[in-house]
Amino acid sequence: MTSGGDCPGLNAALRAIVRRAKKDYGLSVIGFMRAWEGLLEGEFFEMDFRHVSGILPLGGTILHTTRKNLLERPGNMENVLARLDEIALDGLIIIGGDGTLHWAWQVHRRWPKVVFIPKTIDNDVWGTRYSIGFDTAVSVAVEALDRLHTTAESHDRVFVVDVMGRATGWIAIHAGIAGGADVIVIPEHPLREDEVLRIVDERRSRGKSFSIIIVAEGVHYVAMREKDNAASYLARKVESELGISARTVKLDYVLRGGTPTSYDRLLATRMGFTAVDFLVQGKFGKMTALRGTQIASVPIQRVVGRINRVDETLWAMARTFFG
Amino acid sequence: MTSGGDCPGLNAALRAIVRRAKKDYGLSVIGFMRAWEGLLEGEFFEMDFRHVSGILPLGGTILHTTRKNLLERPGNMENVLARLDEIALDGLIIIGGDGTLHWAWQVHRRWPKVVFIPKTIDNDVWGTRYSIGFDTAVSVAVEALDRLHTTAESHDRVFVVDVMGRATGWIAIHAGIAGGADVIVIPEHPLREDEVLRIVDERRSRGKSFSIIIVAEGVHYVAMREKDNAASYLARKVESELGISARTVKLDYVLRGGTPTSYDRLLATRMGFTAVDFLVQGKFGKMTALRGTQIASVPIQRVVGRINRVDETLWAMARTFFG
Amino acid sequence: MTSGGDCPGLNAALRAIVRRAKKDYGLSVIGFMRAWEGLLEGEFFEMDFRHVSGILPLGGTILHTTRKNLLERPGNMENVLARLDEIALDGLIIIGGDGTLHWAWQVHRRWPKVVFIPKTIDNDVWGTRYSIGFDTAVSVAVEALDRLHTTAESHDRVFVVDVMGRATGWIAIHAGIAGGADVIVIPEHPLREDEVLRIVDERRSRGKSFSIIIVAEGVHYVAMREKDNAASYLARKVESELGISARTVKLDYVLRGGTPTSYDRLLATRMGFTAVDFLVQGKFGKMTALRGTQIASVPIQRVVGRINRVDETLWAMARTFFG
Amino acid sequence: MTSGGDCPGLNAALRAIVRRAKKDYGLSVIGFMRAWEGLLEGEFFEMDFRHVSGILPLGGTILHTTRKNLLERPGNMENVLARLDEIALDGLIIIGGDGTLHWAWQVHRRWPKVVFIPKTIDNDVWGTRYSIGFDTAVSVAVEALDRLHTTAESHDRVFVVDVMGRATGWIAIHAGIAGGADVIVIPEHPLREDEVLRIVDERRSRGKSFSIIIVAEGVHYVAMREKDNAASYLARKVESELGISARTVKLDYVLRGGTPTSYDRLLATRMGFTAVDFLVQGKFGKMTALRGTQIASVPIQRVVGRINRVDETLWAMARTFFG
């Protein structure tokens, strides 16, 4: 099942699971529609090669997904466990993000046959270098930054770009470095507003009246008004304090849709492939994790409650490219 | 000079002007920075082949641009005319949109050596089938719609996409048809909100719980609240009346930046090339216009005060693809 | 049916035909697999909305296609006519290129209910400004030229790019202008090899040791060897006569596959839509044609045996950008 | 200096070097044109912030490059060493591939202040997980495979795609997995021709008359004719043995040009940044290497003469997706 927000690469993972399980191990694979909802309501089907033929480059998920936390509702956990026993699965592969992981763990404690595959454009799942969907999100954001650069320069204008990332600034820092942002503001290192303004001002004094500031949505400033987010707040400050024309641009849903990059297709394929191996080898309660060059196994229990934060080395480097 | 909002293709036009004027006619070409501002403040330079070498694929404009209506300010028109005489130009090619066109005409009435090239991602300049920048804007919008489709379908969700277009719905209708939108709302034919809801509801009754609605920013509904735009208003209605999860996505500045499509590069090249011919042939007071397969000349005077609206044939066709 | 080489936009046209015919006119639509082959072998099916749902952005054709000229074989024309009567169609929409057009006309003369939609990346069908697939082919070629430019410049090297176009140089001239080629060689105006070399040499004398030459496959030089095409011949000449490192790049099948540009999606949608109108209005023996801003009708008979050649205006302009 | 074939990301690395060296350490940076050639001929210049401003998204290298092995020629090594002393550099950062590495090591043995940054679209430099340029090359190849898929399917045809990779099959295997190839042939595991044909034939027996075969250029078959490469050979065999229409497509120079992916921009930035650190810390004779999540240092001496081959795990996985 695929659960939580969709992202590019889910279909690639589903294809890999079906190919590995059926072709190499002769297993039957059942797909649940809309995660727990399909399990509870009996909406599932046996997945065949033809279901996953041609889906590698497609965004979204053919199993659909939902953000509803069905397991929170009274009685649903019991119903899920009952259905799992009833269907007599040998194992359950759950593809999801941080929120899904919590419930995967709750289910696994009672029905210990769960394997987890991390997907999130935010890249905030602990224990894996990258999660499925992150590379594509960064790539789409960088394309947008490239486009904004020409306008910023032609108009001597400041763009403040708001990207996803509530607890962590992974998209902001990767896209910021790769897209040549002049300032990057992330929850792990929320630059003070006067630091941001100083950098923009120094650029102007060097003859560059345009700047691109990229801000993760999770950043907060004390003086923000009710309707503000950090991006709109900073844009207002640039205009009022520096007198430079500033605009905000919000990159949200376009980062999570559409065809995955080749990197995400390969990562998703490797994780789907390996998740089946875990299941066959009885490595339950594990998450597939990119560790260096290998897909390693990490106990779900160790991942629950933790957050993958931007590392200090990357942040230290990013600062060199400010201004 | 390039004036008004920037858009992809301006550099391609500048390159064509310099190549045609210098190489084929042996003329000197002077580029004014930030439109009238550069003229008034003496910021201009003789453009050589090397200035326009390699700029064909670049977005923005090497001459920079401004949205300030300098000519509105008292005394500036006189100063501009004085400077034009002083520099002793044989002609002035102005690349701009609707707003610039008005002032191009005012200048031409007093100093009758103006040739105009239309550029606007909104495609609202009358007299030419397409203006420079429009094809790229549509193309970027369609890429975004493709991305949103996969998320909409995977989440059984409605996206209401807000695109540029104050007076006209060109981007909305072209991108809507090419991007497979389920409803298109444009200022020329603002569907009533109950019509919009009915189409979304009918799709649901056919088992399609997701929809993409594209709305031009110029559309207004009577019941809209102060902070609303048409897109956010419709999204709220979809949620409250139909109980389907709905999100808005704003495509604004990314539509006007970045590398132009091959179509826009060719159109801009042809218009820049022909504008020089107009100037050499003494066809002053004219705008370059795409008419069928040719770049024709249209008197600026006829264009002023008019708006290029979406034609009825296109609208009639678009409706066939609703739902 | 779709016949001849595939190209981006065929599915968009099929979708438009089904939507227009079923939704607006209540007609049944039958799709023939692999053109005449499906008709002869009984491989066809009634097309429903769900067959064309989601196919707008997809390259290729869900009806498959073939390059086999089945109608040439003895007896097949009679069989086709017999089957057409048997199935009792009210009309037949054929989507194809130059070759298909000939046979569409032969069928129409005996069974006068044919409507034709032109598709060809070569853009050589007479009577329509553009055919379906051409804009995408140019767009993919320009992307490749953009990539080659950086390598050519970094290595002080000449690239000779071979693109499709046997009888006409449409792709070469559009992509060449939009992609900033330094020389364009097309069948309509095959520059002599010494002219080509002179341009490359003059660039070098201006300090530009790199050049991009784009050549349509239909160009021939007298001195070419057996295994040569014009591109490889010119590359060899650049090396032997000028002593500059030269490489050939062949852009062939990648130009005809994949997702169509927004321009091609709209053109294909308009042509599919209008072809149904022609059929309903009894306008048989006609081809849908882009004429200025409208989809007009052109008698197939007038188109047969003619070729759409690159117009002189475009060629004259292209020369300005050589060197 | 940048040496060997160009690839996307070189400019990103140069930018990072200049920013890190000048901004954070206050060092002067000298750029040599065309690698050793610029050093020998005195073509170099002090690189300032403005030289590297805006070059992050550009392919190629502003320092130009050459494939000439100047150091092979008698006397040149001595001249290089003399010039290095003369200029009194504190260190020399060389960005290059396998061939350059050899000479970097030869120079370092005599003038021990060299730091090396690996770049190669082939990814065959030992000691680093990925080299600069590889991710972009794979990404462009996958885009091409996506395009070819639609044509292959519509025409029931086999495409044999020839990609770069003389000693190793990195591009072929990554692009093949991510692009959904049906067979992948690499130098490390050159499938016998009968195995290739069997897979294609089995697909046909399952109703899939189209296939995509991707082949690294370094693969050889005993029965190949003089003018053959492995791709053309396999295509001929598919036609003669299986009677399925087959075409070859060569993806060569387009893989190494143009704007780098976000992944390559980040990798190049990190390597350029860290190379300066190595130099400042006196870590000479080292190569920057991607090791897990960090940029580590590897002695150049250990890398010389070795080749980074496709690992067995990846190959084992790839096989699951054949057919």
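Some notes on this structure:
We just call them A, B, C and D in the order they show up, numbering each chain from 1.
The working rule: a contact is a pair of C-beta atoms (placed from the backbone, for glycine too) under 8 Å apart; a residue touches a chain by one contact, two chains touch by 3 or more.
Computed from a predicted structure; not experimentally measured.
The distance from the centre of subunit C to the centre of subunit D, each centre being the mean of the chain's C-alpha atoms, comes to 34 Å.
Computed from the mean C-alpha positions, the centre of subunit A lies at a distance of 40 Å from the centre of subunit C. Taking the mean of the C-alpha atoms as each chain's centre, subunit A and subunit D sit 29 Å apart.
Counting partners per residue, subunit B has 146, 149 as the residues that reach two or more other chains. Viewed as a contact network, the protein chains form a single closed ring in which every chain touches exactly two others.
The list of touching chain pairs reads A-B, A-D, B-C, C-D. Against subunit D, the residues of subunit C that register as touching in their complex are 2, 5-6, 8, 10, 34, 58-61, 64-67, 140, 143-144, 146-151, 153-156, 159, 227, 247, 249-250, 252-254, 256-258. If you check the complex, the residues on subunit C that touch subunit B are 16, 19-20, 23-24, 54, 56-57, 129, 135, 138-139, 141-142, 146, 149, 174-175, 177-180, 259, 261-263, 265-266, 269-270, 273, 291-294, 311, 313, 317, 320-321.
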